[in-house]
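Okay, got some structures for you below.
Two complexes are shown next, each including chain A; its partner changes from chain B in the first to chain C in the second.
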Partner chain A sequence: MKRFRRQLAFGLFALIAATVGALWLNGKSNTLPNYAYLTGWALLAGMFVLTIYNVRKKLPFLPLGKSETWLQIHIYLGFFTTLLFLIHLNFRAPHGWFEVVLAWLFVLVSGSGMVGLFFSRVLPRRLATRGGEVIFEKIPALRHALKTEVEKLSLGADAKSLVIAEFYTKRLAPFFSGPKNFWNHLAESRREVSALLAELEDLRRFANDMEKEKIERLGALVRQKDGLDYHRALQLALRLWLFVHIPLTYGLLIFTALHIILVFGFSGGAR
Partner chain B sequence: MSEQLPAPDFDAQNYARPNQNWICGHACEGNACRPGPDQKGNCCATAECKPVLKIKPGETKGRWVCTRTGGECESGPLPDGSCCNPIPKCSPVPTLRVWRGRVTLAVIAAACAVLLVVLGNPPWRNNFISPGIVSSPHSGAAFAALALTNRLNQSCGACHVAGNSGPNEMVSVALHAEPGILDLKKLVFAKAAGPTAIDEACLKCHAGKNVHQPDAPQISCSFCHVEHQGIKIAATMDANCNFCHGNAAKMPAAIGGKPFALVHHFADDHPQFRFLTEKLRDPDTLKFNHALHLTGTTIPNLPGGSKLDCVFCHSPDAAGAFMKPVAFEKNCRVCHSLQFDPATPELQLPHGSAEFVSAYLRSLPKQYLDLAAKQNVADGNNFVQQKLADLRTQFGSGEDLEKRIFFSTATTAPEINVGNVSGVTRAIFPGCAYCHEVKSIGGLPEITKPIQTEHWLVQAKFNHAAHANIACTQCHDAVHSKDTADILLPPKETCVTCHSPRGGVADTCAECHTYHKLPVAAQ
Partner chain C sequence: MPAAPTILERPQRWDAAFDANMTDADVERLLATAPFSGMDAEKFPKRTPLREIIRNDMRILKFRKGEIIMRQGDYGTSAFLILQGAARVVLKPDLAPSLLGRQATNKKGVFRTLAQLWNRSRPPEMLPRTLLGQSSGVSARQNEKETRVFLQDVPRILDQHRTAQMTAGEFFGEIAALSRMARTSTIFADSDDAELLEIRWQGLRDLMKYDDALRAHINRIYRERALASYLRATPLFKNLSEEQLGRVAEAVEFSTYGDYDWSGEYKRLAQSGSVRPEKEPVIVGEGDYPNGIVLLRAGFARVSQKFGGGERTLNYIGAGQIFGLNEIAHNWRNKDAAVNFQFSLRAIGYTHLLVVPTRVMEEIVLPSLPKNELPPLVAKHEDEFDSAPPEVATREKVGAEILEFLTENRFFNGTASMVIDLDRCTRCDDCVRACASTHDNNPRFLRHGPSAGRLMIANACMHCADPVCMIGCPTGAIHRESFAGQVVINPTTCIGCKSCFTNCPYDAIRMVEARDERGEFLMDQEMKPITKATKCDLCVENHGGPACERACPHGALTRMNLNNLDSLSKWLKL
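Presenting the complex of A and B:
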């Protein structure tokens, strides 16, 4: 914890210092020749360092420093390049088609990175408060096991309960057929599962003692399935933001390469 | 080493392989096979074991033995040596990592495809890569015609070499650009605001580049004028002006022997206007007293009863930016009559030319005779003689009358009501010299033509219409001006009241100054 605070303090200090420096230089933009070129190259260098973090993750055997350190650099440099991007744009929205697409790619990559940072700071804590650790890849198997048990309880040879069988067909089968309530879980809403449990509880009025035991057990299984869905939703969110961040990074790099060619081909040294 | 061993509760059967690209199709049922899919996503499932043939000493055929992990199965291998428990084949499922890779490839392919299609089509290419709307002077039909005249490309190629070519040549131009793509040294240590390669394109039409006054040293056009910012070419920013005008090292210490002021902000260090510091005077020879006309008690009210004010004489031009010149017929005659005969208000002197006045006076008998005819006087000749006799009685000879009319500055003439002015005025014409400078050249009168200076600050922009909510006297101190030579422009401090950060109105250099060299005719 102490080390984390030290890293955080150092990272924030470096970010603030770099930001102040960049804004100071921006104030002197007219006294610096080729200011747009310099900010552009600085931005490209920043983007390059940010991109090779992905390469670093794929080459864990190379002595390139700790992945944790790389991540810290990636985060703080990400914020700084966003500022550099705004300075490079002179704090104005671009107009041309190509530049608008390029800017949007940067915004999406940068924005998805910030969303990812937010998820990685918030969602693990929420996961820790809801049941034990569940491996994402094993969730389908666990869900299948729960479905099998519910089927056995409701429709098995010794079930002998029309009420439960009917309820299973109508409400439990769809619920256990796959992952449910993705957005509700992200929003920390339990409305759907509470409604299902309430309906299950209502069955008690028509159930005998044996059926009541089964309903008790079915309720527990519904809660377990809901817990699994919760883990799946949050863990999926922790992975899905990368589906925007990484692919668009490569799109951004391609457009950036063309941007450099266009700048040097067309500007002829102009600002 | 022991730390790398699986934990005691390690489930070898259901081992998940999150780092691999494919997972067993049975994994979602909790029955993933032990070998799992290969790297290409093919199912590797065969059977639960691979039986081994054991031949005891003395035997010729031998016996197949089950090798299943966890113990031999009850049935054992089949006679042909294959396992009796084949594992059903599955359709391996790609992991999220694989899907992410596919999305990445799709994005790369889409980006490349879009760029290839767009860049390969010239009309699309120009529209796509243009960083913004080109200003109206550099676009449209007029520019295309000009480009044609100058044998230039009528599109991007008119200014950009790379605009004449396809993608391959575009890359070639970029690689040979000056400064080059990787020529960081030149980029960092380039001379600020110095001329660039793109300036050559500007010079094709703006030959000489002596557009800044007074012939500024070589500054890149694009230093002040950034293109592709919209229909209206982007206004030059203060920072551009301050680059030279706010830098002692760049400005000459003096121009014409006078120290050159460094300027950063209008409100702070902009010098006082030169017409004040150099005590310039209006060269107009007309004798006019603004204070008297605005505050004098002898000034009659205008037709309709309103008081004489600034707008009666000073009316804006069609654009509203500047004031039209004051005209005698429209603005002065209403009070200042050119009646010379106290008894004959119908006859008035012409205005505008001394020769016309002289000719008129010499034709007075004819003028009186025409008047008699108009008034149906029976004896016209007698009428003329009577009028002329009255004039002689009052002014002496005809020569005396002409001298009085041209050179008199008398202010004691009889006062009567003139026209529809409310109140009495000096009805009788006191003499041209009352308002004009009249010289005698060889005995002949010569009236100096009044000079009405339309623009005092010829390099400045001003728009009266934009200042319509301010009273005239707030800027022009006319009520205290008794002399025509007073230049009634406000001092800098009056402008700063509004044009400053505190006043809240724009105070940029370009707000008032034009910096291009004037055409020769205007100079």
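Presenting the complex of A and C:
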């Protein structure tokens, strides 16, 4: 982990240095008449750099440097911009509905970014440890194949087992009908699937040899489906945060533009 | 109850003849033609008689003037004998890439780079008609068996290039076929009645084995044309004088192991899950007397050691690497405490190698090496890796599981494999989107593939050291890029024959339907879609390297030469 540790050490050092510098400057200069403009423009510049990372992502064929470097800058600048935001607010709560909305947008964009950072550092390792790597888009087809096999085993022409048919209707059909246990998987809890497997095992008491073989196979299929659900839940989480982060960023930019217009419109030449 | 197994006759070598249309009359005619007429049929074993080698490993081909027989830079599995008519070899200068079905690769300039901003919305895999209609100086014609490419303006080529004519009785292509090196020249038919005998590699190997004259002939050519320059470029022999080098070249023995067409065999074995080192041909056995060092000229070999009831892999070695130097250098310095080979060496797929006998090593090569360049003495304890030669220390670096995984899947063949660290990959598919944006809106790889632990090798072209996909391309569309050696496909000369697609053991080539500017599928006269082979080209035309690697936000994807595991070991420790 040498390179990543080096990146982390450098990033943290830069962030701490910038934070100390900004706070020192804030202590010295916050009495200046144009100080709010200065921090505002600095905040806007930071937001601009943060936003153009998405543009870089959309132009992979241009030699604009590695996305990895851009992300490192995005992360540390993101933290620093949050500090600039607090300085710009003068560490006070915003007032007026417009400022409250603007502040909330900033908080949500920053917060979703931090959640995304946490997910992208934690969830891939969990997926790799679980194994059974699968492409997200293929999950529905694989799930359907499992569902068909379970249906055939439980209700097919040669199924001939009331015990299994009943269990299928009651427990297996809902489980295989779609993705399940999103939050459990995210929280790394196996409670639901363990309960289902335990109930399936209980059926052995009423099963003949042929049915026992089927129960064995059904157990394997439940585990496979659980694996698919696990991958779906974690891979979905790795994508979902972006659906909050990016649209809200555009909302934030629009409100920021309006904020600048309002400030300049009502400042009466105070700059 | 388990299903009854399917009982088949065990497949035999000649179940599929090179040409099923070879008649008895053809065989009789060839047996009466030199060099076969001079061969002693009695020397061939009953299992592989001369007559059957001719019937099953050879085919007669007819060429018309200007038709290309082989191209410089192609990989081929066979040698040719001129039976009738003439062929012409291009000596200097080489033919232009366009005449060989290739595309001269140019890095995109500023305008072409920026033009991608507004060209991105065009249909995927679009092949403009203007590009299809371009005259490249060659045309293709279909005969009853295959597609032939011919040079349109032979007189002009004769004017502008130094060439030499070859006539009936002359052999060519045997060195490339035996050593699995790229063809060194382009040869085309020089008369309308040119009749050639194509001998596939297996047949040539057997002919050499049982006919002294042919063996001596090919050995002489090999020593003259290929060996001297190869030895001169080998660092181990850098201190030798020309005279000493000549003596080494005289003493070198060369041989081939394994199956030339290993990719098909490997695919079958991989699917049945029976790729096992114990089944690979042994080049050197652990405990054997060290009678020479082994220099790998082409292909790969597995260094292994007995472990329990099987063999455990310690490393694999590829072209240019040496096996056995440690033991021979040790014995030279410690005559009283001589050791045998400490490890086994087994051919993986196809291996072509040179053996420099111990006597020559002791008399000429080892005395020329400065003390500090001699390998360390062999360790006394079997499991002591401190003084292990570099070729076995790898296991310690990357770990046993990953080493076995890479070897079993033959990933050491890749010079630019797409390696993904699953611990860091967020499955965001930025790499896939970047690839599609850079290549006609169609990604050239699948972000999925075999994995071991946190390592995944994606289904992307690995730009193999031994590119089996290049064997058999009828138009030369798939070729090595001349500067950096990437394997690329020229879409304008690809005829969609699927030869490369079928040959690739790693499923890294995909057949796609080409479209016109309106997004409609291009169709032939029979209303079948025109297909093209596509694969990763390592963004050879773009600045900044492969887009997939640059697009990964988490540093989870890299393109790596897996023939040298140092870089992998470093990357895993990042």
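What we mean here is this: the second predicted complex is superposed on the first by the 264 of 271 C-alpha atoms of A that agree within 3 Å, B and C clash if a C-alpha of one lies under 4 Å from a C-alpha of the other, contacts with A are read in each partner's own complex, and residues count from 1 in each chain.
Going forward, contacts are C-beta pairs under 8 Å (C-beta built on N, C-alpha and C of every residue); 3 or more make two chains touch, one makes a residue touch a chain.
None of the values given here were measured: they were computed from a predicted structure.
Quick check for you: in the superposed arrangement, does A:125 touch first (chain B), second (chain C), both or neither?
Only chain C is touched by A:125; chain B is not.
On the A-aligned overlay, A:71 touches which partner chain: chain B = first, chain C = second, or both, or neither?
Once the two structures are laid over each other on A, A:71 reaches chain C alone.
Tell me which partner touches more residues of chain A in the superposed arrangement, chain B or chain C.
Touched residues of chain A are more numerous for B.
Would you sort A:20 into first (chain B), second (chain C), both or neither based on which partner it touches?
Touch partners of A:20: none, neither chain B nor chain C.
With both complexes superposed on chain A, which partner does A:238 reach: first (chain B), second (chain C), both or neither?
In the superposed model, A:238 contacts chain C only, not chain B.
Does chain B (first) or chain C (second) touch A:94, or do both, or does neither?
After superposing on A, A:94 lies in contact with chain B but is clear of chain C.
For A:62, select first, second, both or neither according to whether it touches chain B, chain C, the two together, or no partner.
The second partner, chain C, only.
When the two structures are overlaid on chain A, which partner does A:250 contact: first (chain B), second (chain C), both, or neither?
After superposing on A, A:250 lies in contact with chain B but is clear of chain C.
A:133 contacts which: chain B (first), chain C (second), both, neither?
Touch partner of A:133: chain C, not chain B.
With the touch criterion stated at the top, can you tell me which chain A residues are shared between the chain B interface and the chain C interface?
Looking at chain A, the two contact sets intersect at 135-136, 239.
Spell out the residues on chain B that touch chain A in their complex, using ranges where they run on.
Listed in rising order, the residues are 14, 16-18, 23, 27-30, 32, 95-96, 99-100, 103-104, 106-108, 110-112, 115, 127-133, 156, 160-163, 170-171, 173-175, 177-181, 184, 187-194, 196-201, 220, 222-223, 226, 228-230, 237, 239-240, 242-243.
Sort out for me which residues of chain A touch chain C in the complex.
1-4, 57-63, 65-68, 70-71, 119-120, 123-125, 127-128, 133, 135-136, 235, 238-239
Please name which positions on chain A make contact with chain B in the complex.
29-34, 37-38, 41, 94-99, 135-138, 140-145, 239, 242-243, 246-248, 250-251, 254-255, 258, 260-271
Can you list the residues on chain C that touch chain A in the complex?
Residues in contact with chain A: 113-114, 116-117, 422-428, 430, 433-434, 437-438, 447-448, 451, 453-454, 456, 542-544, 547, 549-556, 573-574.
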